[in-house]
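Alright, structures below, take your time with them.
Next come two complexes built around subunit A: one with subunit B, the other with subunit C.
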Partner chain A sequence: MNPTIDLTTPGFWLVALLAMAVMTPITHGALRRWVWACVNLLFIAWMLRLRVVEVVAGVAVAHLALRLLTCRGWGLLIALGGLASTVGLFVLHKLPGVSQGMGTSVVNPLLLAVGFSYVFLRLIDAGRVIYEGGRAPPDLPSTVNYLLPFHMLAAGPIQSYEDFVDQPAIPKPISAVEALSGVERIALGLFKKFVVAYMIRKVFLTEFYVTGPYFLFEVQLHYLWIYLDFSAYSDIAVGIGRLMGVHTPENFDRPYLARNMIDFWDRWHISLSLWVRRNLFIPVQLSLARRTGGKRALMIATLAFTVSFLLCGLWHGISWPFFAWGAMHAFGLVVTNAYRYWLTRRLGRKGVKAYKEKLIYRLLAQLGTFQYVAFSLVIIVYPWKDLWS
Partner chain B sequence: MTDQSDNAASVRSEPMPPWRWAYRLLRVVVMLLMAYWLSNSGDAFFYQGF
Partner chain C sequence: MSQTLEQLNEVFQDVFEDDDLSVEAQTSAKDIDDWDSLMHVNLVLAVESRFDVRFTSTEVAGLKDVGELVALVEKKQA
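Now for the complex of A and B:
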């Protein structure tokens, strides 16, 4: 059985309260890292019912691999081997029936731990940054804390390794107003998820077993429901992080106001968007630019968007609907980029600025982007099997 | 600028008058109570004919 994180169970909140209570008074950096690691492992053992010894063994392997990335001569070999094994484990876990079929073997908890989609992304990000020499590898408790932060496991955000390393070892004491704002974020997240999103789903959503005008109505509300439910997790994570003194990046910026697909990905699941940019888009773009000597920028960006978002779709799930979702977003990004390029050439920078400031164009662009995103989400959940049968 | 930029701005604008404290705390309590109630009552809250 895959582990799940249920926000309605008291255990999650007890761990959160414990973390706030024990971490806030600590003023010694190393001690704080170890205590934070113990809290995360307690959560893994208690809430996810994974065997801690095996999870620690998995983290220790990741820790060792991350440290070896800095070794001269061996770095490239370790990077390629680590990447291949991490991606291999992730794909194994994502393939339907594989992790369930492994029962209670030693590998299963490791697969489950690595299979957590967000853990996988963090591991890749840390590996790339360390291999490129951007930051030093983490010590053992920091490896636990970066890969398995309990409040970010459910649905992100995906903290970048640089951001994790750069946060102060001992955070500034928070004021009463800051503490209240943290509590407000948690309350807002719970309200969005368990009141507004829940009521929308319960009252209006039919899982698209409807036709006609109600189908179109449900498409709009389905997008709204996903936004409220998903951003609620981020609100809760940011609120808990603020109260614990653990930096937790923001993940949403009013995505329903996006005026094109590039703007949308600057506002929706921002931490995933930045991960894709750092680890897929830029490496693909740079690699192609080197081969062409910096020419054909539009073609290169098109290829980079396509590769990045097809993989992003498959990261969500190895299935045709997710592949189609990724393809639709890649297409939207490519068209936006090409249109932006064409518009700049035709109107010039000043002309584009004037064009963007016109209210009617902005409203039409926002409406079009909203519909495009809303219909792309339908692809994932539409009952295709029932349609074919 | 994110979904919560207003909150961030309010964090900076200390000191806060007591009525504002009371209002924000009351808002938190109402949101938590509603979330607790609905997450526990589940389907019983809703008319079963939906």
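Now for the complex of A and C:
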């Protein structure tokens, strides 16, 4: 079995402690970048048992490609070539069978170990921003630190390239209260993942091999389990980041309170939602809106939602269940948007505001959204093969 | 209020259909109920049309408040 990131191994926590110890006292920006890069590479070599030379070679290629994006005349060619190569690696990562057929399966253990799905998103984000002149390309240690931050490898969050570049070279010294809040955040994450989520899974979840009322009960708990388990990774990453002085974006904001699907994506996997907004939704919407001179806004938003969330589904996994999950979320977003549009036309903006403030409508909307999300998650894990056989 | 901000205020009033709306440099999406990702693009298109400028998707996605929008418009016009 290939080594992957495991929070239960002492090594992970030793690297985290080492990072906090060596990075906190550094007051020189360039030195801090190099030390942080060495910590990330140490993690990859020690915990993931990858050969550093292979990882550094991969990062060096990415670094060179990102720098070449700023070359006049060649930028577009490099951007298209880089995008095709990155998407190609992503497909090989997600479909190991294809990789084997092409004789390239040697790259799969490396892609799996570093969690290439997230590296892929970071590469695309950096490439777009640099190509459009939004920020300068990174130096070599910053390329390592942006693409392979050890505490964000397992399950994100996905820091935007602009946010990464805009951080001060030397962070403010951390106060005792901030340090304590970082430790609390890690403890919260560990408790959520290894106590609450673990118990829910062991005691209540059957992987949907049940029918009747228990099935409905399991649908609710399955959503709760995914939220607790997934948000726990983010809590731990945010806590470690705070203690190391490495800004780590928040990823969840009480998604179970969402009152519609647009609100849900402002609260769930926020860093992915913002990535989709920056790299898919806005470019698609902007491009279509310019073509129509700003007319047919509803139809354009519908197309932008559909394209964005079908691709978002396929990012999670290149399979029919994930495609269906993406389609269900796209549908939910489109309906929410169309309903809001219709409501505004009917009630006016002030009327909509008054409508949204009514408690009964809010509770019904929250309940409906919770159920919609919970059932969408069942699509991914339901034992369809057993049902059909 | 700078001239650019004054003109932007009119664009905001048109886009959000609210004649009482008044924006300042610190005004962000959190301060205006309907300023979500959908309205954001409509707003950007209206600003492009009013000031005869064109933004990249990175610039559109990165705008955090009205002050940044003012600075961006003025930079494009310089």
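Simple rule for what comes next: the second predicted complex is superposed on the first by the 366 of 389 C-alpha atoms of A that agree within 3 Å, B and C clash if a C-alpha of one lies under 4 Å from a C-alpha of the other, contacts with A are read in each partner's own complex, and residues count from 1 in each chain.
Note that contacts are C-beta pairs under 8 Å (C-beta built on N, C-alpha and C of every residue); 3 or more make two chains touch, one makes a residue touch a chain.
All values derive from a computational prediction rather than experimental measurement.
Counting residues of subunit A touched by each partner, subunit B versus subunit C, the larger count belongs to B. Contacts of A:L180 after superposition on the shared chain: subunit B is touched, whereas subunit C is not. Of the two partner chains placed around the shared chain by superposition, neither subunit B nor subunit C is touched by A:S142.
In the superposition on chain A, contact of A:A289 is made with subunit C only, not with subunit B. By the touch criterion defined above, A:S376 lies against neither subunit B nor subunit C after alignment on the C-alpha atoms of chain A.
In the superposition on chain A, A:A301 makes contact with subunit C only, while subunit B stays out of contact range. When the two structures are aligned on the shared chain, A:R128 is found in touch with subunit C, with no touch to subunit B. By the touch criterion defined above, A:F194 reaches subunit B but does not reach subunit C.
After overlaying the two complexes on the shared chain, residue contacts for A:E162 are found with subunit C alone; subunit B is out of touch.
Against subunit B, the residues of subunit A that register as touching in their complex are 8, 175, 177-178, 180-181, 183-185, 187-188, 190-191, 193-195, 198-199, 202-203, 231, 235, 238, 250, 252-254, 270. On subunit A, the positions that touch subunit C within their shared complex are 128-129, 132-134, 162, 262, 277-278, 281-283, 285-286, 289-290, 294, 297, 301, 337, 349, 353. Per the touch definition, subunit B reaches subunit A in the complex via residues 1-4, 7-8, 10-11, 14, 16, 21, 24-25, 27-28, 31-32, 34-36, 38-40, 43, 46, 50. Listed in rising order, the residues of subunit C touching subunit A in the complex are 16-18, 33-34, 36-38, 40-42, 44-46, 49, 56-62.
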